[in-house]
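This is the structure I want to talk about, given as structure tokens.
Going in written order, the chains are labelled A, B and C, and every chain counts its residues from 1.
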Amino acid sequence: MGAAAESFAEAAVIEHRSGFRRRWYRTPSFVAGLSILGTIILLALLAPVASRHDPVQQNLLDILQGPSRTHPLGTDELGRDVWARLLYGARTDLRVAFLAVLFPFVIGTAIGLLAGYFGRWVDTVTNWFVNVVVAFPFYVLIIALVFALGSGTRNIYIAITIVGWVSYTRIVRGEVLVAKRREYVLAAQAGGLSNLRIIVRHLLPNVVTQAIVFAMSDIVLDILAIVTLGYLGLGVQPPTADWGKMIADGQTYLTTHWELSTVPGIAVVITALGLSLLADGLADLLRPE
Amino acid sequence: MHPRRRAFAFLATAAAVAATGTVASLAAQSSPRSPSAATPKRGGHITIARIEDSTSFDKTNVFQNESIWIAEQINESLYEAGNDGKTLKPWLATAYTKSKDGKTYTFKLRKGVKFSNGKPMTSADVKFSIDDARKQAKGWGYLDAAIKSITAPNPSTVVFHLKFQWAPFVADMALFANGIIPKNFAGQSRAAFYKHPVGTGPFMWDKRVVGQSVSLKRNPFYWQKGKPYLDGVTWTFVTDENTRELQLRGGQIQVDEFPPFNSIDKLKKTSGVTMSLFPSTRTDYLDMNELYPPLKDVHVRRAISYAIDRAAIVKSVLFGYGTPANSQLPPQVPYYDKNAGGLQYDLAKAKAEMAKSKFPKGFKVQMLVGSGAQVENTIGQILQSALKQLGITVKFKTEDTSTEFNDIQSNKYQLGFSYWTMDIADPDELVTFALDPKGGAFSFYTHYNNPTVTALSHQAQREVNPVKRAALYAKVQRIAASQANLGYLYYSPYRWAYTSKLHGFFVQPLGNYHLEDAWLD
Amino acid sequence: MSLTGYVVRRLLQLVPIVLGVTVLVFFLIHLVPGDPARTILGNHATPAKVALLHREWGLDKPLPVQYWRFLHRMARGDLGSSLFYSVPAGRLVVQRLPPTLWLIGLGTFLSVLIAVPLAALAATKRDRLPDQVVRAVPLVGLGFPPFWLGIMLLLAFALHLGRGFPVGGYGAGPLGHLHSMFLPSLTVALAIAPILVRSLRASLLEVFESDYVTTARSKGLPERRVLVRHALRNAVISTVSVLGVNIGFLVGGTLVIEQVYALPGIGQLMINSIFQRDFPVVQAVTLVFAIMVVLVYLLTDIVHALLDPRVRFD
């Protein structure tokens, strides 16, 4: 591209950040996603208020009840209130999913920056690592790691981090490869700024947006992973409420009380929908005009 | 005819045929079922689906029911338990006599019995089998401990010389571990033989797909003429209860072993399915491993036992199909004491016991649960919640059910679940297994050790007077109950759901079934 | 460059990756706390056996030496022995491979069957109602946990809408397999279709607006021909690429779906082995999964190169 085009693109990079502020409420997917997700997060945060029941409180004389005034969604096989477990399950799963995205995001972005900027052997080695991890099906590696490390949320974070950093590295590296040819980077280098300064202050802000967009859909993937681990019995430990475990526990009663498995599943779908809409909207907003 | 019209005609005919066929088959299905004939029909193959895979077919060393019940179709014993679970019927032997001093038993063998390899069974085979069984120190050898020597004076007579009087002797001989195999393992090594054992039973080894299925086929030389009716049986391994049920409904399998409690009512109303609840000797326990210090404290164990709300468990987990357990022994076993005094739910007493213990503030403990074992998992969560009130924090470790069983057997656990079904019609087997640290299982893998109880148990083994024996066993049960050697949970019937085309399927109180009596419509 | 040249080059590029895969699998055992020998031997661990394993595997030697021995054993086909069944882990895996392969194959086929018409519809009727509807598919569809989808399908088809399909098990003979695998494959297909739809639609749109097509249109070539010849070809290339890239996700998804439908494939083998604490089998299955994925990447690259010669020169 000619110099004019480049500075035009340059301006766009800066411009769309302010455009964001002006346009977000006019982007339907962003608004929809935010509303859905916002509602769920709000409900999760207000769980103690939204439901007066304790999600782990068993009531063995009132199991498998249908919806009623005291139990809006009925009770499960141990007499626990389903609505309460749904809300507290949201807390657990959302919290774990958000945190589980953070570490790969940070680590992956950092590695991507280094690989893209320095190139040569750093890049080759990074690519090798990436290709090796990518060779394993996502769930297979996560499950194998959780098995090796043991169950529990801490090991879920570790497992997801080991497997998940790859996508961020690829995205950021790609962005860096393009960005480092830009005028402002070349200028900074000519001006004698240290590599670290260039990476952190000039490259990072411009390449991270794509990573953030991806992070939104990555959260969906992580929620699914956590829920799947819960279903397999390798996830969050009882009695903590978790949507995956709820689906698994409900499966025994599939033929008599199918709602026990269906309802938490719908919760997952709605949450994922909200996040996907948000991700789409964000991608739309952050795309240069 | 014009090609197009020919094609059309053909299609029309085909459609008509198809329609007719469909209507016909629908009609056949909806016509009232003819009452099942009383005469057994020969032929057919059934598939039985169960939650665990068999681990071994070495009947002298295996404790897992899923292995035992298959081994029993292959190997038979001198005497076998009747359908009431208490009386003993002559089987491979026709009669026995006992010497006056009670230390010599002479058995007359049945004529015309052959192994599935065609060779006739003789007393040499019997001697070899029982000699081999009683050598298994890590297995069932403990039940044959009373035997001093075995002799085979002629091919159809076997004589057992005992070290002392032994009340449960004939019942012990009826145990599957004492089933008869060809002498010298039919020329193979012991290990190779038990990979596909040979016996006199109604079925013989067919094949095994590791991790999936075990298949047996009819033994052409079986001594009961005309039986077995079935051509063969396959046992499959399906961990998910739902899947098994769906498979039964869909006709993929004929027998569903242990359908979930919550399905019983529904299955009773399902047409084409027979839902049977057989009286059982099954007792479910919470194992507390005394090798873990807090559990060695009798007050802790009593506290835990007091904290179990058995009635609630029966109602909400078993859906009413069970009764709270109050003794080491189940009601179907001779000498069960209904006043044994197994601790029942009382949270106040539980807290009081904790206060008396060395761990008044509570402790952390790990509970083993089987993956896919819904009842266990649910009870586990109930207990976790109950024990929390005593300051005891329970963390779960989920394992495949056979692995769970192995871990408990090797004492690699703290809290775990077990169940017992009697294998002989005598309390001795269970009392020794559960309460005698040298009884082959370190007191049901808990390392419970009370010399008084052990002494009483030994006395009862040699006491041939039933009244005196009853008194001894009553004492044993009461002491054990007050010390909460195990958490006695509940008694429950055997739950089997099978196609209504299957007849003659009967599960004995001991848990096993004689498939030679089963036949398909 | 000739096709063979390209294939050879790709194979060579795969070597370090496959080695890397083996390194990662090797490290799995070392992540488990405690003595690796005890983890491998499980309940069969006796001091004698543990010492033997230490010697054979060089567990007291530095890691590179251990890795070398590990590689050696693998080259001989020795993937360890199943703790639970006492048979070679490799043999177990090979035995259980067919259902998984069926699932992947049939699942892929069904997903293409679902995704291609939807994507084509959306691309040709861009921004109109059909497009809006189809675009909603990935949004909603990606949120369905595959196993939950499977359970819902089980509920619907195996229980309520007539007992049309068997539950669990693999069936006998090709038709039996087809019958048993239909619902699980459908689940896999529905899980992966949203991704396919989204990517396919995007690439079809690209094609429609490409210079090639607009030129062809301006030259007056019939719309039909333009579409079919050029768009279709690119669509196939795209589909192959997208499938290839997402194969990891697809294969991994079969793992859970096998669990739901009780299919005796390697996914269920892995999960059962985890609860049986049968480490050698878990390791063996992980390795096989990775090799499968690598092979599929290779295959898609080759097919891509076949269809689009330009690729061979990059």
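The working rule: a contact is a pair of C-beta atoms (placed from the backbone, for glycine too) under 8 Å apart; a residue touches a chain by one contact, two chains touch by 3 or more.
Computed from a predicted structure; not experimentally measured.
Asks: If you average the Cα atoms of each chain, whose average lands nearest the overall Cα average?
Replies: Measuring from the global C-alpha mean, the nearest chain centre belongs to C.
Asks: Compute the centre of every chain as the mean of its C-alpha atoms, then state which one is farthest from the centre of chain B.
Replies: Result for max centroid distance from chain B is chain A.
Asks: From the mean C-alpha coordinate of chain A to that of chain C, what's the distance rounded to whole Å?
Replies: Each chain reduced to its C-alpha mean, chain A and chain C end up 22 Å apart.
Asks: Please tell me the distance, in whole Å, between the geometric centres of chain B and chain C computed from their C-alpha atoms.
Replies: Taking the mean C-alpha position of each chain, the two centres sit 41 Å apart.
Asks: Chain A to chain B: how many Å between their CA centres?
Replies: Measuring from centre to centre gives 48 Å for this pair.
Asks: Can you list the residues of chain B that touch 2 or more other chains?
Replies: Within chain B, the residues that touch at least two other chains are 240, 242, 246, 371, 398.
Asks: What are the residues of chain A that contact at least two other chains?
Replies: 233, 251, 254-255
Asks: When you check chain C against every other chain, which residues touch at least two of them?
Replies: Residues 154, 159, 275.
Asks: Within their complex, state which residues of chain B touch chain C.
Replies: Touching chain C from chain B are residues 55, 209-212, 236, 238-240, 242-244, 246-247, 249-252, 371, 398-400, 402-403, 406-407, 410, 412.
Asks: Along chain A, where are the residues that touch chain B in the complex?
Replies: Residues in contact with chain B: 56, 58, 60-61, 63-64, 77-79, 151, 233, 237-239, 249, 251-256.
Asks: Provide the residue numbers of chain B that touch chain A in the complex, in ascending order.
Replies: Contacts found on chain B: 240-242, 245-246, 260, 262-263, 266, 309, 312-313, 315-316, 371, 374, 377-378, 381-382, 384-385, 395-396, 398.
Asks: Name, in rising order, each residue of chain C that touches chain A in their complex.
Replies: Listed in rising order, the residues of chain C that touch chain A are 16-18, 20-21, 23-24, 28-29, 31-33, 138-140, 142-148, 151-152, 154-155, 159, 247-253, 255-256, 259, 270-271, 274-275, 282-283, 285-286, 289-290, 293-294, 297.
Asks: Could you pull out which chain C residues touch chain B in their complex?
Replies: 43, 84-85, 87, 92, 95-96, 154, 158-159, 163, 165-169, 261-262, 264, 269, 272, 275-278
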